[in-house]
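In the two assemblies presented below, chain A is common to both, partnered first by chain B and then by chain C.
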Partner chain A sequence: MGVAEVFTTFGDVYLRSLLSTWLMTAVCFAGGLALGILATVLRVSPIKPLRVAADVYVQLFRNIPTVSLLVIFVYALPYLGATLPYRACLLCCVILVVSSFASENFMSGINAIGVGQIEAARSVGLSFVQVIRLIVIPQSLRTTVLPMTNLLIATLLTTAMGSQVPLTPPELTGMVNYVNSRSVAGISAFVVSALCYAGTSVALGFLGNRLDERVRIIR
Partner chain B sequence: MPVGTTEPIIRMHHVDKHYGQLHVLRDINLDVHRGEVVVLIGPSGSGKSTLCRTINRLETIDSGEILFEGRPLPEEGRELAALRAEIGMVFQSFNLFAHRTILDNVTMGPIEVLRRNRREAEAEAMELLARVGVEAQAKKVPAQLSGGQQQRAAIARSLAMHPKVMLFDEPTSALDPEMINEVLEVMVELAQEGMTMVVVTHEMSFARRVADRVVFMSDGQIVEQGTPSEFFDHPRSARARDFLDSIKGH
Partner chain C sequence: MSADVSMRDALYEAPGPRTQRRVRVGTALSLALLAAFAAFVVRQFSVNGQLDPKYWSFFARWTTWRFLLQGFMGTIHVAFMAGVLAIMGGLLLMLGRISPNRPLSAICHVITDLFRSLPSLLLIYFFFLVVPTYGIRMPAFWMITLPIGLAASGVLAEVFRAGVNAVPTGQVEAAMSLGMTHGRITRRIVLPQALRIVIPSLVSQLVVVVKDTTVAYVVSYPDLMQNARVLISNYDALVSMYFVVAILYIIVNYATNQLSIHLAHRGGTQVLSRVDEKPV
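This part shows the complex of A and B:
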């Protein structure tokens, strides 16, 4: 079965799996970014226990393979009385991992902010929370568009972990098993999925570059 | 100045500060009265910038006391933010918010801290920007302005808070020579309008022309102070004479 034939036979299922991958990527990245910002705000907060807790959180989820985390969510959590649907397990794992990497990106953005910016904000009378909201978050997000784009692409590829659990509809990598259990497409199914990943990544990379040019802070 | 008749707006009392081994402020006693322009001068490393920055607590002190309107400076939190809102600060490196327009820089404090509505805040900001001569740059970001324009915008940002005192920490030291005067002119006008100012500067002509009092610092101490003509024409201490000699002819 050639690539063209895979398309004609499984085209609409493929389209649904592509949309599933995109949707999970969007949810995981948005959730990861939000949690990552929260963790980072705690990491720079004046309260030491919060700083330590957030540091531990980031180190923990940055350093566990996503697949191990998924195993824990799927097989270990039920022992604690929490049985989540497979898709929820996958989304939680990816969000936790993405948030820890997002926090590291975000920290590097904070380090790029001159101390003078913070002093000026404080001398105007802004509170700690206002300084974070009005100066620190916008400036560090705008200086980390390119690493965040990398992270978005990594998120896209990490959702392939969904092939390890039964999902309906499957995402792009799980789709390969789906096709090959119903036909003899062999490598062709992989090629189609790979092209979908690559096409999406290239488009995201392009958009990330455009966004960076628009919002980058001239210092 | 009617010294002694009214309570000083700023009073520093036996203030000491160390950076590790370095004793940067030694037993500083200084009063600043309403409407007074106090110029701090001295060799680099003499502690004048540090002194200026302790007044709005960008630098903490080890011992002694700083009173603002008779009350000790709050240590942190909401009260400290409220104090800082009443004290304007102009930095050597301008420190305009790099990601916002000049107009946003000026309106941020009034909108976020004073809770003014945006339209009023913007109208006043445009007046202030016009007053310092950069109203045409309102929609640009700081990096698109010259140093002199940025510093004038930074002064407008401080004025928008209607501060009771303005601190200037070497406001012209990072400027190209041709831009120094445009910033000094704005400062002279402020002084003439009665703004209470503490100015750290190397601009001796400004000190002579505008200061009510010149405070000379060396090695973390206030060595002597007096009116500009007393200080520049008849310095009493050897250190002040050496300093004035060293900058003559430049």
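This part shows the complex of A and C:
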């Protein structure tokens, strides 16, 4: 079966699969950013237990393999009184993992700001909230464009874990399995999925580079 | 971690009496909140009977740990071979990319970006589902090691290139003015320094490789996760086993990360991770 035949036979499933992969990537990235911001705020807060808890949170989800987290969500949580649909399990896992990396990116964005700037802001009488809002957040957002673009691409690749649980429609990696179990497609199914991933990554990378060039802070 | 302490502390001055009181209240509140969360987790375990000794007692047996250790050796085996493959592949791709030969450089660029933009699971499916349809039989070990190694080689090619770029250009110019050829400069001047710069980053990439090996059950290779699944069906203790395995992976990866940070501090370099690179 050639690539063209794969398209005519499975074209509509592939389209839905691509759209679902994009949607999951977007949801996970947005959720990961939101949680990552929360974790970062806690990590720089003056309250010690919150700092420690957020540090532990980041280390846990940075170092856990996504599969390991996914099996806990899918198979272990029902024994603990929480049964989630497969897609929700996948989204939660990817969001938790992405949020820890997002927080690491934000932290290095914050650390890239010179301590002198903060001292200057303080000496002109800005309050803590003003310092965060006017100095820290704008600069750390601008320096984290490239790392965040890479994180977005990594999020796209992490949604491939969805192939380990039954999803309808399957996402792009699961499609290889889906097509292979229904016909002898051989390499074609793989090539189509690979092109979708590579195309998406290149497009995201291009946009990220353009944005970075516009907002980068030359230090 | 030590680097961000100064920044964290610069964000606010020594608190006055009122703020100190607020911080104390916040500390107490947050401690209570965290304790409540921990209590909730323990309660969920206990009301669902998951604290029953039958789910945990087999962890006191040496045979359990020996079997998990065997699985862990499998994980190490795959991670090590995939790491070696990735270092060789990454080095070749990088050397091809920086070579003055335009077509070779372009091809290596495309291959690097392709491997970087594919999930390793897709590559595993390629070797597991697609390759056998062409009549090629591979042992499970290579069906998991090859794709992980290939995926990592794309990332490592970029890490190596960052290392090469970190070598001062003045040195290359000096070597050129002495009449050294491109190959000789790369071999004698650039590579020895670049390799030293990227060692911490190579160690931190090992974490990604170890994480990738956890899907070895797809090809039924006996790694830590696969052996844990065997124990789960033996002892009918799913929850405890999955949590213990997750903690084992976290410890291994955390230790690897700390090692790479330590190496970077000692060598006066930085850990160049995936996030520091230009996206594809």
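Here is the rule we go by: the second predicted complex is superposed on the first by the 213 of 219 C-alpha atoms of A that agree within 3 Å, B and C clash if a C-alpha of one lies under 4 Å from a C-alpha of the other, contacts with A are read in each partner's own complex, and residues count from 1 in each chain.
Here is the rule we go by: contacts are C-beta pairs under 8 Å (C-beta built on N, C-alpha and C of every residue); 3 or more make two chains touch, one makes a residue touch a chain.
A quick note: this is a predicted structure, and the numbers were derived from the prediction, not measured.
Q: In the superposed arrangement, does A:125 touch chain B (first), chain C (second), both or neither?
A: first
Q: For A:48, is the partner it touches chain B (first), chain C (second), both, or none of the two (neither)?
A: Second partner only, chain C.
Q: With both complexes overlaid on chain A, does A:149 touch chain B (first), chain C (second), both or neither?
A: Second partner only.
Q: In the superposed arrangement, which partner chain does A:194 touch: chain B (first), chain C (second), both, or neither?
A: Second partner only, chain C.
Q: According to the stated criteria, A:64 is in contact with first (chain B), second (chain C), both, or neither; which is it?
A: So A:64 only meets chain C here.
Q: Based on the superposed arrangement, let me know which partner A:217 touches: chain B (first), chain C (second), both, or neither?
A: Only chain B is touched by A:217; chain C is not.
Q: A:165 in the overlay: touching chain B, chain C, both, or neither? Say first, second, both or neither.
A: In the superposition, A:165 touches no partner, neither chain B nor chain C.
Q: State whether A:134 touches chain B only (first), chain C only (second), both chains, or neither.
A: The answer is first: A:134 touches chain B but not chain C.
Q: Please name the chain, chain B or chain C, that touches the greater number of residues in chain A.
A: Counting contacted residues of chain A, the larger count belongs to C.
Q: Once the two structures are fitted together, what part of chain A is touched by chain B and by chain C alike?
A: 119, 122
Q: Which part of chain A faces chain C closely enough to touch in the complex?
A: 43-44, 46-51, 53, 55, 59-60, 62-69, 71-72, 75-76, 79-82, 101, 104-105, 107, 110-111, 113, 115, 118-119, 122, 128, 131-132, 136, 146-147, 149-151, 153-154, 157-158, 160-161, 163-164, 172-173, 176-177, 180, 184, 186-187, 189-190, 193-194, 197-198, 200-202, 204-205, 208-209
Q: Any idea which chain B residues touch chain A in the complex?
A: Listed in rising order, the residues of chain B that touch chain A are 56, 58, 78, 81-89, 91, 93, 95-99, 108-109, 112-113, 141, 143-144, 154, 157-158, 161.
Q: Once bound in the complex, which stretches of chain A touch chain B?
A: 114, 116-117, 119-127, 130, 134-135, 138-139, 142, 217-219
Q: Hey, which residues of chain C end up touching chain A in the complex?
A: Result: residues 1, 3-4, 6-8, 10-13, 15, 23, 26-27, 30-31, 34, 44-45, 47-48, 50, 113-114, 116-122, 125-126, 129-130, 133-134, 207, 210-212, 214-215, 218, 225, 238-239, 242-243, 245-246, 249-250, 253-254, 257, 274-280 of chain C touch chain A.
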